[in-house]
Every structure is written in C-alpha cells, then in structure tokens.
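What follows is a pair of complexes built around chain A, which joins chain B in one and chain C in the other.
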Partner chain A sequence: MNQGGSHVCGPSPQGGTLFASNVTFAYGSGPAVVKNVSLMVPEGAAIGIVGESGSGKTTLASLLVGLLTPTTGNVAVGGQPWSKVGRGSPLRRAVQMVFQNPYAALNPHLSALRTVAEVYQCCGGFTKTEASERAQALLERVGISDQTQGKRPSGLSGGQCQRVGIARALAAGPAVIVADEPTSALDVSVQAQILNLLSDLRQEQGVGLVLVSHDLNVVSYLTERAIVMERGEVVEEGATTELLQKPTHPYTQRLIASIL
Partner chain B sequence: MSTEITTADINVPGHVAVRRQIQPRRIELHVGVGLILAVVVACLVIPILDRTDPNALVALPLQPPSAEHPFGTDMVGRDVFIRVFTAGRLDIALAALGVLVPFISGTVIGTVVGASRRRLVDTVTMRLTDCVIAFPFVILVLVIVVIIGADTRIPLLPPGAASVLVAVWIVNWTTYARLARARTHVLRQEDFISAARLLGFSQARIVARHLLPSVWPTTATYAVADALVLVSLIAALPFLGAGIQPPTPEWGSIMYEGRGFLLQAWWISFTTAGVLLVLGTGVMLVVDALVSNPRRPRLP
Partner chain C sequence: MTEMLLRASNIAIEIAGLELVSNVDLEVDRGHSLGIVGETGSGKSLTCRAFAGLLSPIGGRISSGSLWVGRQDATSPDTHAKAALYGRVVSLVPQNSLMALNPLMRIGTHLTETIKALDADSVVQLKARAIDLLQRVGLPDPERILRQYPHQLSGGMRQRVMIALAIAGRPELLIADEPTTALDVSVQKDILELLRRLTHEENMALILISHDLGVVAAATQSVAVMYAGMVVERGPTDTVLRQPRHPYTQALLKARPTIGHTGRLMGIPGAPASPDTWPSGCRFAPRCPHADNRCDAKVPTLETIGGGHVGACHRLHESLVLDLSKKDLLSS
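Let's turn to the complex of A and B:
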C-alpha cells in the first residue's frame, strides 16, 4: 500500500473522485504541516483521517476541498487539479465540507431555510420558490422541522446547526463530503444523531465521505478505510477495523490506547 | 454498518457544551430610540408650532430661562429655545448626510477590497486612503470651498453646507474603508465564508450576502462617534471663513457664541449642549444595544 512515500486509500491511484498526490503544505515560510500525503477517494467510498491535535488533519482536509493550495504536489477533483477549476464550474461544488464548529459554519444573518435555499438558487438555477421548496424538503430529511427552518443559527442548537450545515453541503449535489471533526463540538447524545445522519445520507445518496477525527471509534463507525497522521505524515493506513484491532505503528497503538 | 450507533458508543474526550444565546439588550434599545425620537420630533415640531424667526430680537439680551423663553435669550436678545431646535434640523441633517455617504461608500469599498484576493487592489486602495488621511482636513475643506465656491448650494441646506459635505465625503470614507477591510480580513477566515467559496458563489454574492451584514455593525459603531465629531467640525469651520456662516442657527456656533457669557448666561451654551447630549446618548445606546446583541452563540 505504501508506495515510495505515496499513501493511497482505495483500489487504484489513477481513478477516484478526489485524488491527492504527494501533497506537502507549509504555512508561509514555516515548517511543512502536511508532508508528502497521497490519498484517493473512490466514488461513494468513505475514508477516515485520524490523528491527534496538530497532526495536520484539518490542513489536509482544507487542501482536499481546495481552500488551501499545496506547496508541492497536487489535489485533483474529477481528474482536474483545483487550480484549473473555476469558481462557476460544477466541479467546484463536487467536494463540500462539513465544519467542526457548527455555529461558525453558518451565516449568522441567514435562516436555516435561506442558507440551504441559496445553494439551490445559485448552484441549481432554481427560482426562489422552487429553491425554498427543495430546501424545506432537504431540511426535513436531515431532521430540521418546519417550525425550526425559519430560525437563524443563534436560535438553533449545535446539533441543529450541524444538520443545516450537512443539508447545505448536500444541496450542492457533491460527490464527496469532507467532514472535519463534525461532532467534536457537540453534546455526546447529539454526536450519535449526527453520525447516524451522515451514515444514512451516505447510503441513500451514494456520496463519498472523508471523515476527519481524532477518535478512531467515530471513524470506524462511518468509514471502511483510514489513514493515521502524525506530525503531518501518514504513519499507517488500511481497513478501519484492522487499524482498530491490529495497529502496527506505535503511534496508532498509543492513539487507540488513549481512547480505551 | 447498518447498526445504529448510540451515545454510549462514542467517546469524545473533552467535548464542550454550547453556551446559550444571550438576550438582546432591549432596554438600551428602547431608551435610545426614545431619546433620539424626542430630539428629532422636537426639532421638527417646535419651529412649526412657534413661528418666531430664530434670528429675530424678541427680548432683552441675556434673559434667564422663563415660561416665555424656556432656554432664555442670547447676547443680542434672540430666543435660544427656538434657535436650538431650528439649528437641530440643520445639524441633524448635516450629520446624517455627512456620515451616511462615507459610511455606505467606505463600508462597501473596504469590504470589496478586503474580500479581494488580488494584492494589487488592496495595496492601491490602502495607499489612496493613506494619502487622503494624511492631507490636513481643514486645508482640504478650504481648497474645496475655493473649487466649488461658497455659493454652491444643496437644496434645503444653507450656503456653505455643500463645501463642508463634499469635503467630509471625500475624506471620511477612508476611515470606514479601513475599518471594513480589517473586519473583512477577520471574517474571511470564518467557516461560513469558506463554505460560500466552496459552493462556488460569486464574489459579489459573498460580499453582499455574507460579508456586508457582518461588517456594517462595526462601521456603524464608528459612524455614531463620527456624527458627533462632525457637529463639532461644522461648528469650527465658520471661524476659518468656511462652512455655515452666521447668523444661520447651528448648534456649534450657538455654543461658541455663548462661551463668552458662561458665568452670566450659562443657558446659551448649556441648553444647547444638553440637547446634543441627549441625542448623542440616544444614538450611543441604540448602537450599543445592536452591536452587543450576539447573533451567534460562542463555544467556550
């Protein structure tokens, strides 16, 4: 699996919806926080990125969605590198993100309904009425009731905000959703609901998932394969259940021991 | 994979509870609106109800407040009460116009520049603002008076008001632009702006729908202070031969005229300052209430 410093999740390094090839990234002139990472997300696959705080997980997630540009290496979506994907291109919307802080992820001035309807209106070309109807249906599906849809983020709970964030990502019709610690800021009871929702939606819609988490339990619930990161490097990768049951790298062993 | 996960299955160490929303500061808002309305309505209604010419000599000079002249008379025998509320119309109009145009233009320019990822746009605009800010304001006003002429008039405003307003418009947008740009730089890092970028929204939409609603409360707070400073500036300019000329009643000039009689006729300056204080307090309370109403609960 480990091919000359290239870490590949999935059957083929040539295909896949989202493909990162030997990606290295440093903030300014500082040290590299992501080092020579390769990753492929085949269509509909779910991949976990695990590591402790500061291991480079979130930076890698930002690189995968195109919010950051690699210092060296390349991230491609549908075969096109992010640098060649224009703002208006449908490929731009092919990879969406669910953020860690559910409140910061939503525009504080827009209601849940407007947040999702805006995506249908701008990305789907629907009229305002059609966009609202579709947004209502999608919000219902993710568990936001009619009474709650008109509320702004300040009137919603953390879990409800995260559901709206998931609905917004789905409204764009993505091929892959990158979820950056989507439950870490939520109550334990709500975490379970959000994970179940992500699991159900993934199965219903066949959307690929990259789940970033420091918790192997969470990753093992939702993903089939995972990579373990330490100080910006991938130290171990493989099937999630195997990683959890038979970790080979000392860092992975420590990570698992810390949650037991 | 089909098994439903339960709360007990997930162990997330150090999870944080969400602090609930803080209630809006409604009392400040209501009191502030009440004070502003009181002054504005008084300025609109009193000159209509009492048709006395604000420049007419109605009594002996330096008469203390009485039932007939609630704010007394000034050094030449004019009714201070009618002068103060007639002046209020002009001062409030000038402060509003003098603040509104730079507030809107500066906020939009600063937000657009702050949101732009082209370094050249940012550098050129910011150096331009530096140049405008560095130029002495009073000299700039005098230059503008010469250029556009003291007789140039804006409908409903007295002679001299146009030059003051144009000068204020030319200079003051820069401060708003700088504030808006700084706020936008902070907001640009927020997840909801990242989400908008990932969704492929146009730059215009991101600026108009996602950035401006969060930027303008910052510049609006400054606008309040700016409006109060502007009233002082309007009062100071006549002494340099620019701006609104006496005998047009205007708060700054009334207070300035009264400064020589503070011991004998305190009411000339103090009643005017009192009205200005009520208006300023009202505006401050309103902005304070609006700005301190958090729309987003914060994670501890």
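Let's turn to the complex of A and C:
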C-alpha cells in the first residue's frame, strides 16, 4: 500500500538512498561532535545507530535529515547533497524524521487528523477533502481509530502521539525514515506495538529506516546493520546480530555487558 | 530476626474523590529490596508517595487501610510524628530527579541545607558530613563538586547527588522512583550497583520503582507488579519474572525485545483503563487473552501460589503458566 506520493528517489549513484560521506560536524566553534562518519542506507534497509548520550547519535540523525549542515563532508539524498536540494524539491520529502518526545514533536493546537492531512496538502498537493480522506486511512493503518483522530496531542497517550508522528512522517511518502529514540519515552507494552508497527510498515511500504537508540535490544529487533558511536566516531559497524553477539570493540563490549 | 520497616495493609489512595490505588498490601523488611513494576498510570509512584508522606502536596490522601512505617502509624494526623518520619525513617529519590536540583544553588548548598533540616548531630561539621555523603555515593573529588552547580554535572553524577541528599537523614528505607530511566545503560548499571551497595552498607531497605523489568530483575529481591492501581502479582523477583502466573506479568515479559529475539513482539492490545472507567471485575480483563465470565463479574483477590508468590487472577491455578528460561529474561 502506498499512502502518499510514490517514493521520490531511487538509488543514488553511490548506491544508496541516503549517503553520508566523511561527515564531520561541530556546533559553532566547539569541538567536533561527529567525526568523519560515513554511512550508507540502501533502499529499504534498516540501519541502527547506537551509543551513549553525548556520542553524537542525534547530531548524526539531524545531519542525515538535513536539519544540520556538515562542517566538512556531505550527506546526499538520492545522489544530491542536501545543500543542492531546494525547499520545494521532492527529495526534501524523501527523508522524514520521527522524534524522541512524541508530545513535543506535535503541534498542540492541531488534531491528529489535521497534523497528517496538512502533510498531504502541502507535500502531495491534495485538496483539503482528499488530504483528510488520505490522512484518515493512514491514521487507521497506524492504529489511530476514527474516534481518536479528532483529538489533539493533549488528549492522546504517549503511544498514540508516537503513532501520529509516524503517520505524519509516512504521509510525505518518504524513502527513509530517521527515527531518533522513537520508543524510549514509552512503556514496554506500547514500545512493542510501535516496534511492530515500524517493522510492518517497512515490509509493506519498503521504507528504509535509520534507528537511533541507546537500547541495543530495540536495535537488534528492527535493524539488519548497525554502527556503534563513541565520542562522535564510529568505533564498530557490521551486521546487527553479529555486532551484538560477537562485539570486537571494547566500547561495544562494555555497552552490551551493561544490558540488564 | 528480620525487622519489618514498612507494612501497607489494604491501602487505597484517593485524589479529588477518585480512587487511584486500591487494596495495596506490601511489606518491606530491613536489608530487603522490593521492586514495583507496571505501566504508566498503574499507581506505582502514587503508592510510593504515600509511603514517603508526600500525598498532601498533590491533593491526595490514604482513604482506607493502614500504613506503618518504622514503628509509626503513617496515617495518623500527628504532624510532629510525621516530621520525625520523613527524610529520617523513609526517604524518596523522586522521579525526574535530574530536574529536581535547584539550578541556582551549588551542590554544597543543597547538601548543607538538607543536613541542617534532617541531621542535627552533623550540623557542627556540615562540610565534613557533606563530603562524607558525596564519598558514600561514589563521587570523586567531593570538595570540587560541592562548589559546582547542577548543570556542571553529568546525569549520572546528578543522580548520585540526589541519592546523597536522600540518605542525608540516615533513613532506614530508601525509595527510588525510576532512578535510571533517563540514564545510559552503562551509567544505569553503576547507579543500581550503588543502590545495592548503600542498602547493604547502611543497612537500609530499598523500594525501587521501574517500568523496566530488566532493572528490577537486576536490583531487587522481591517484586510487586501493579496494574490499574492494584497489585496483581507479588513474590521473589526470580520466581515472578521466570514463572509469571498473572497474564499481565506474562504480557509485560513477552513485550520486551531482547538481543537475538526473532519473530514478532507481543504488545498488549488496547490501553490501560482510566480510573473513572475501571471495570467492575478484574481491571485487566478487557485486555486479557484468557478472560472469561468470572473476570468481568468479580475483582480477583491475591491468592497464594507458594513460596511467597501471590497473584490476583481467577484463573491463577489453571495451566496458564509461561515458563521463561534464563536466557529470555535475565540476559545479564
């Protein structure tokens, strides 16, 4: 099923929908918080980014979606560096983000339905009625029932807000979703629902996923490959299962030993 | 002989006329650690606020049942007795404690003010006691930390400061509400180790609230599982988490992803009922895969399974046992 426009970018010349090459980033004149990171997200793949607070995971995620511009190196989407992707370009829609705090990420004045419908209106060029119909169907798909769709974030639970956040990202018809700790604010039972939803959506819609998480269990459940970051650098990368079961870098070993 | 530090019998907690916690029975002995787990809104924090005497600031009260803390009746209105109890006999490390320090006050001031309020013997050597407390919670270079402001410390260090504040009055029972939720896994492990060490060294009892079953498995001897304001299962941590008998506990365990897990995670369908629409029978029944007619008709009470393990389910003694191997659960 495809809810919005079609996937707006195919494989880039480098062979991935999203490609970061030798990216370094520093906030202002501060020290580099992401150092020389390269990462490729092939079409439909799921990549995990793990590490502790301060390791640069979220900064890297912001660089991937084009919210930040690398100090050196570049991030390309569908073969185009972000700097060359104009505001109205369909490539802008190709990478969408799902945020850690589902309440803070939604406009408190908009109902769930409007939140998603606006994306269809502005990105898909649909009329208000068409956008609403599409938003209804998409919200239904992510588990927000008819009765709940009219509610604003304050009337929704954390899990419901996160579902709306995911629907909003999907409405743009992305090729890749970058999810920054999408379940760390949620209860374990709700977390399971959201993880299952992300996994189903990947299979149904072929959307790629970059999952940022400090929870190695979550990364192991959803992704095929993962990178481990320490102080802005990638210290280990590989197939997720292998990485988590036979870590070679001491930092990865320490992280895994800390799992309860 | 073990000494009981806290006994809650059948307590109910009300806020604005709404009963949010019902029929809670819990006991904690000196030197013992009890975990309380459950989803958001299950009443874990509220129950512990009641234990720490902190219901009135949020407009709550214990509406029935009895609560003994130390040797005192904590439901008595005697304010003098209460002042002697809280901070001294029982102390709470609140949830979100990373935000609980005053950003304009140095760590030293936080400590000395707390010591002045709680520990009359140490007032003459305030600074020495403050340094001693920081050392107890494993903070290096305490002299320097005394002069620092909260924003200059990492999350793990601030959590250690919060624990130092909580033990300033030399409490016998320490309650930690989600003490590691905002922390990295490696820091989480250190903080749990600290709590375990302090409980042992200071001969305290510990109540640890968490929504994370891994945390409770790693740090507590017994556990109570709460759902919709009630304790639904209780017993030795190892038994409850390896052989859970209540369908809710089973569902919580099955919802956890673990490394190497394949196949679909089992979420719990639906959402917890809110207090104004609690079902008249078992509160978990609407989401329970095993519910039958009895479950809608009558609230189940805690029944003995054996070895201190109790559960509140009409079908407790039927073959709903989910046996989890150590690998699935305690990956540590």
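Note that in this section the second predicted complex is superposed on the first by the 246 of 260 C-alpha atoms of A that agree within 3 Å, B and C clash if a C-alpha of one lies under 4 Å from a C-alpha of the other, contacts with A are read in each partner's own complex, and residues count from 1 in each chain.
Keep in mind that, in the parts below, a residue touches a chain if its C-beta (ideal position, glycine included) is under 8 Å from a C-beta of that chain, and two chains touch if they have at least 3 such contacts.
Because the structure is predicted, anything quoted here is derived from the model rather than measured.
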Which superposed partner A:53 touches (first chain B, second chain C, both, neither): second
Which superposed partner A:217 touches (first chain B, second chain C, both, neither): both
Chain A: partner with more touched residues, chain B or chain C: B
First (chain B), second (chain C), both or neither touched by A:45: neither
Partner chain in contact with A:77 - chain B first, chain C second, else both or neither: neither
Partner chain in contact with A:255 - chain B first, chain C second, else both or neither: second
Which superposed partner A:241 touches (first chain B, second chain C, both, neither): second
First, second, both or neither for A:118, with chain B first and chain C second: first
Partner chain(s) touched by A:168 [first = chain B, second = chain C, both, neither]: first
First, second, both or neither for A:196, with chain B first and chain C second: both
Common ground on chain A, meaning residues reached by chain C in one complex and by chain B in the other: 157-158, 187-189, 191-192, 195-196, 199, 215, 217-218, 221, 259
Chain A-facing residues of chain B, complex: 1, 4-7, 9-13, 15-18, 21, 190-192, 194-203, 205, 209-210, 213-214, 294-299
Contact footprint of chain C on chain A as seen in their complex: 52-53, 157-159, 187-193, 195-196, 199, 214-218, 220-221, 241, 244-245, 254-256, 258-260
Chain B-facing residues of chain A, complex: 65-67, 87-89, 92-93, 95-97, 99-101, 103-110, 118-119, 122-123, 152-155, 157-158, 165, 168, 172, 183-189, 191-192, 195-196, 199, 203, 215, 217-218, 221, 259
Residue ranges of chain C touching chain A (in the complex, touch as defined): 39-40, 155, 184-189, 192, 211-215, 217-218, 251-252, 255-261, 264-268, 271, 331-332
